[in-house]
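In what follows, chain A forms one complex with chain B and a second complex with chain C.
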Partner chain A sequence: MQHPYKTPLWKIFLRNILTSKINIFALSIVCISCLIALCAATGILANQWDVSISDSHTPPSLQHICGTDILGRSVLDKLIKGTEVAMSTGFFVATLSIIIGVVLGVLAGYFGGIVDTCVVWLYSTITSIPNIMLLLSLTFILGKGIVAIYISLGVTMWVGICRLIRGEVIKHKNREYILAASAIGASHFRKLWYHLLPNIWHIIIIQFALIFQVAIKSEVMLSYLGLGIQNSPSWGTMIDEAKTELIRGIWWPFTFATLAMFLIVLAFNLLSDTLRDTLDPKLKKK
Partner chain B sequence: MLSVKNLVTTFQTRQGSIKAVDNISFDLPKGSTLGIVGESGSGKSVTALSIMRLIPKDTGKILQGDIIFNGQNITTLTESGMRGMRGNKISMIFQEPMTSLNPVFTVGNQIQETLILHQQLSLQQAQKKAIELLQMVGIPSPEKRIKDYPHHLSGGMRQRVMIAIALACKPDILIADEPTTALDVTIQAQILDLLKNLQKELAMSIIMITHDLGVVAEFCDDVAVMYCGKIIEKAPIHQIFAQPQHPYTQGLIKSIPTFHPEKSHEQRLSTIPGTLPPFHEIPSGCSFQNRCQYAQEACKGLQGTPPLALAAQAHWAACFYPLHPKTHQD
Partner chain C sequence: MDLKTYILRRLLHTIPIIIGIATLIFFIFNIVGGDPALTLLGKYAKAKQIASLRHEMGLDKSLFLQYIDLLKSIFTFDFGKSWHTKQNIITSLKESGWISFTLSFPPFIISCALSIIIAMVSAFYRGQFLDKTLVLISIILMSISILSYILLFQWFFAFKLDWFEIAGYDKGFPNFISYILLPGIIIIFLSIGSDIRLYRTILLDEINQDYIRTARAKGLSEVSVLFKHVLKNAMIPIVTNLITQLPFLFLGSLLIENFFAIPGLGNFIVTAINTSDFPVIKAVTILSAIVFVLFNLLTDIIYTILDPRVKL
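Up next, the complex of A and B:
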């Protein structure tokens, strides 16, 4: 007999996704974006985005679905190239901030004392600086470019997850199963890695999806402020250029860049919702 | 086997340092069972955690005393040496079987962990052994149950799993910290029977920590009664029930409900008046003086704390006026 609780989690997740149309939509947006980003990164798609294909500012037509920009370059190709930037930013920033946040949070929560004091001091200091100022100064220090964006966003966005993980570790480390693990002779590392961390994985996964889309938005914002990447199109720079274009009735670069960002952020929010419903049983209402 | 000598465990609190375990000594011969009884907060669990060296480091520490296990002083052992001891030579089971198992791993996984940790078994060997262990603690169809998560099991089943984990490496000493408190009465009896049988099978010693004198009567060879961190009475099981020496022990025994149908409606259950004093307000002299109906001037501190002295044969009590002194009579 199949035990009702023995369905693997990924199956429950897939079922949660497939039973609602909006989730299918979200998952396909994320998958397609990943695919587009990969193709753009390997040069299969949009490798000639910087070639002029038509007159300056051609409106969208059947030939050029999204129109062209001031230099006659295809807006569609720029969007695709921008997807690559957005997805890689999301991925690297989420990975970096999760690593920093989880390591510091776990150490602070588990060991307490001086370690905890140091970590709490560090994140209190970082949160007390207005986020945008911190980002601006970091990008000034690191110079312009995509790597600088990864790093400056990564080292500012770990604070939330660190605080979350720290609290969760403090909650779990006093649970009796950790004491029971000590009683069978488990070391600190073993207790942390094998006993405690699996109990908070769900938070890490959900946070990953959330940070992913926040990072995309932040990259757009930085590019809009002129601190983003320079030699490659990004949604932020496209929106930035629209400042002068919109007044002349050139709506297409702006609209498509915003639409792309809207879709991806929405999709990630929906997905992280579904992830939370699947992974965090306490919130399950069904 | 195990002998605890003058153990003092202190905790730092806002009111200063308190002695949660105050100068206790006892011996645990091989294959015997010692019951430690007392109210909540009397230092029973701290005694157990001291022997395991699991006192929370940030607030508590073993101030003095020796814990000699097989000729080796545990208090001076290194942390890694102690890790090799825990779960291997000395095991412990806890009060709450509902939360003592890690919710995200199968029970098989958790039993195997001890084996892999201490006996360097391969995964297949450990799995086979885990099934045997579950069989030993009386869980039906163990080859299926090892794939269950803790939430699939009832409280009694989980406590059986905890026992299986504790006994995986055939320890010399099992410390059972209120193992039946969270269970139904019928399950309690089953678990106690199981522990008794396993004790015979594996020839291990058990320290049974409980506040249930019924459990002690059924299970233990010797009893130590704790009050405010001190052992106030220590005797073989039949003597303590027949002739308690300390008024506190007498009070505990009297407060066990008895069944006399003809009298039950006219008799109230006797209780010990008052409550356990907070640790920083323990009076000088006998710590039980304020609740004791026999207290006299000598108990109030002029003659110091009553020492744990021989009141009858093999019967120790920390009282200036033991209730049934045998030594004076003969």
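Up next, the complex of A and C:
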């Protein structure tokens, strides 16, 4: 197969990002969110989020930029803590579903036969059950808490990527370069790891960005249904609390949480688009 | 292979999938989920109470017999009664499914028509400013959380402007319309972003085909190429995509129905989950999975009929 890229991929990706203002914006949002999440996780930022700093429901002012919630806690600190929850949800869910999806997809596509039949049966079964029912059943059984959310979202979201990877592996496994590797006596592992994987990396990266933002959005839905995160503020619970607050004119927790979530989801959507344009060799020709 | 053998073969293929669904549901609820009798009665239940409830629910049978019961119910469509409302599940499902359908079908059609038109415009001006703006707008629409849409629209249009009912539902033909207007608009906003992007991709896929270049080389105008050639061929993936979405219309939008207190299937599910109503959850999951499998089969059959390139 002819190698479609003359310059290294990351250079093309960087060039695609830096030539467009929207992409610079998206990348900086992702970087800043990661930084905020790391700072919140290590306790540098917002470690006092559960301390009441002012009266209940103080509107935004210079002192408290985002106002306070019903218990007088700073909405800004809750937002920062929520960033940690959202980013970790996105990261762990995407990682978990990618691992399950890629391992099963590669095994099914590469070995075929009975392995393939089993994996196809497994994912046809799981896609047949409406996503939301499976998600609710799983959270219901795993109990409440952040780990339950990671697992139930991860377990429901691997199907799409598994199907993509399986298709791609089937396409590649009879190509000349894999046959050539077999001819010089390469092991299955070597063929998969050094020869096949580099050719399907782009799917994995694009899917990672997509699942990341879907997971963040799903967390809101679970919070609304009372299955969300319990002991830590999240954007989902903040938006959910606004059900009763908005009518009374308390707009700030809702607005800032919505805005925070909107920005990060938008950034991931934009980045996954750019990634697709850069990495997908099929789009190169057009 | 002719069409009949193909359909028969595909039908046989659905059997292991349906058994798989039943097994998965059984595994989740009867083995991992713990004893539903304990969940229902709470911490302070007496042993006698638990035993009689378990007998009533058929939980005192062996796991194998319970599994056989579940498999049987798939074919007889008899899922018993809800633990919570004591009503026959299938009757309640029909009623609430229909309400969900009336809520989500009109927005589905409107959203489809609108997004195909916008995608056509976008594909016509591909790579230009208008196209980029439309794509950006649809990404923005996709990036807002469902709950934010619901809260914002309800607060602004129903509460501030007082154009729509805030929440609630009324049975009977003309009465219910005023209640489903605002939820319907929200459904359109929720789906239109991803629809535009999907249809735009499908249209652009067709535009890059060789026969389109031939059509242009013949000297056809871009508009006639777009409508006569591109749209006609792009309709195949678009129609199949629409058919796969149909079963979800009966399921409704869980969040929207629950929020606006519309007694559709979505709301039914949320209530079942909040009251640990296992028979209802099982029935809804299994039935919707079966409907999904059958609609997938239908899509494949229509696809083979519509697209002569697909060989059986």
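Everything that follows uses one rule, which is that the second predicted complex is superposed on the first by the 278 of 286 C-alpha atoms of A that agree within 3 Å, B and C clash if a C-alpha of one lies under 4 Å from a C-alpha of the other, contacts with A are read in each partner's own complex, and residues count from 1 in each chain.
Methods note: contacts are C-beta pairs under 8 Å (C-beta built on N, C-alpha and C of every residue); 3 or more make two chains touch, one makes a residue touch a chain.
Nothing here was measured: the structure is a model prediction, and the numbers come from that model.
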Fit-or-clash call for chain B and chain C when the two complexes are aligned on chain A: fit
Superposed model, chain A: greater residue contact from chain B or chain C: C
Which superposed partner A:I184 touches (first chain B, second chain C, both, neither): first
Touching partner for A:G43 - first (chain B), second (chain C), both, neither: neither
Touched partner set for A:A242, first chain B, second chain C, both or neither: second
Which of chain B and chain C A:H195 touches, first, second, both or neither: first
First (chain B), second (chain C), both or neither touched by A:R175: first
Contacts of A:G143 with chain B and chain C, given as first, second, both or neither: neither
First, second, both or neither for A:I22, with chain B first and chain C second: second
Which superposed partner A:S128 touches (first chain B, second chain C, both, neither): second
Inter-centroid angle chain B-chain A-chain C after superposition on A [Cα, multiple of 10°]: 90
Chain B and chain C, minimum CA distance [Å, superposed model]: 12
Interface residues, chain C side, partner chain A - complex: 16-17, 20-21, 24-25, 28-29, 32-33, 136, 139-140, 142-148, 151-152, 155, 159, 204, 208, 248, 251, 254-255, 258, 269-270, 273-274, 281, 284-285, 288-290, 292-293, 296
Chain A residues touching chain B - in the complex, by the definition given at the top: 3, 5-6, 112-113, 175-177, 179-187, 190, 194-195, 198-199
In the complex, chain B residues that touch chain A: 52, 54, 58, 80, 82-88, 91-92, 94, 96, 99-105, 113-114, 117-118, 147, 149, 151-152, 162, 165-166
In the complex with chain C, residue positions of chain A that touch it: 22, 121-122, 124-130, 132-134, 136-138, 140-141, 213, 217, 220-221, 224-226, 235-236, 239-240, 242-243, 246-247, 254, 258, 261-262, 265-266, 269-270, 273, 286
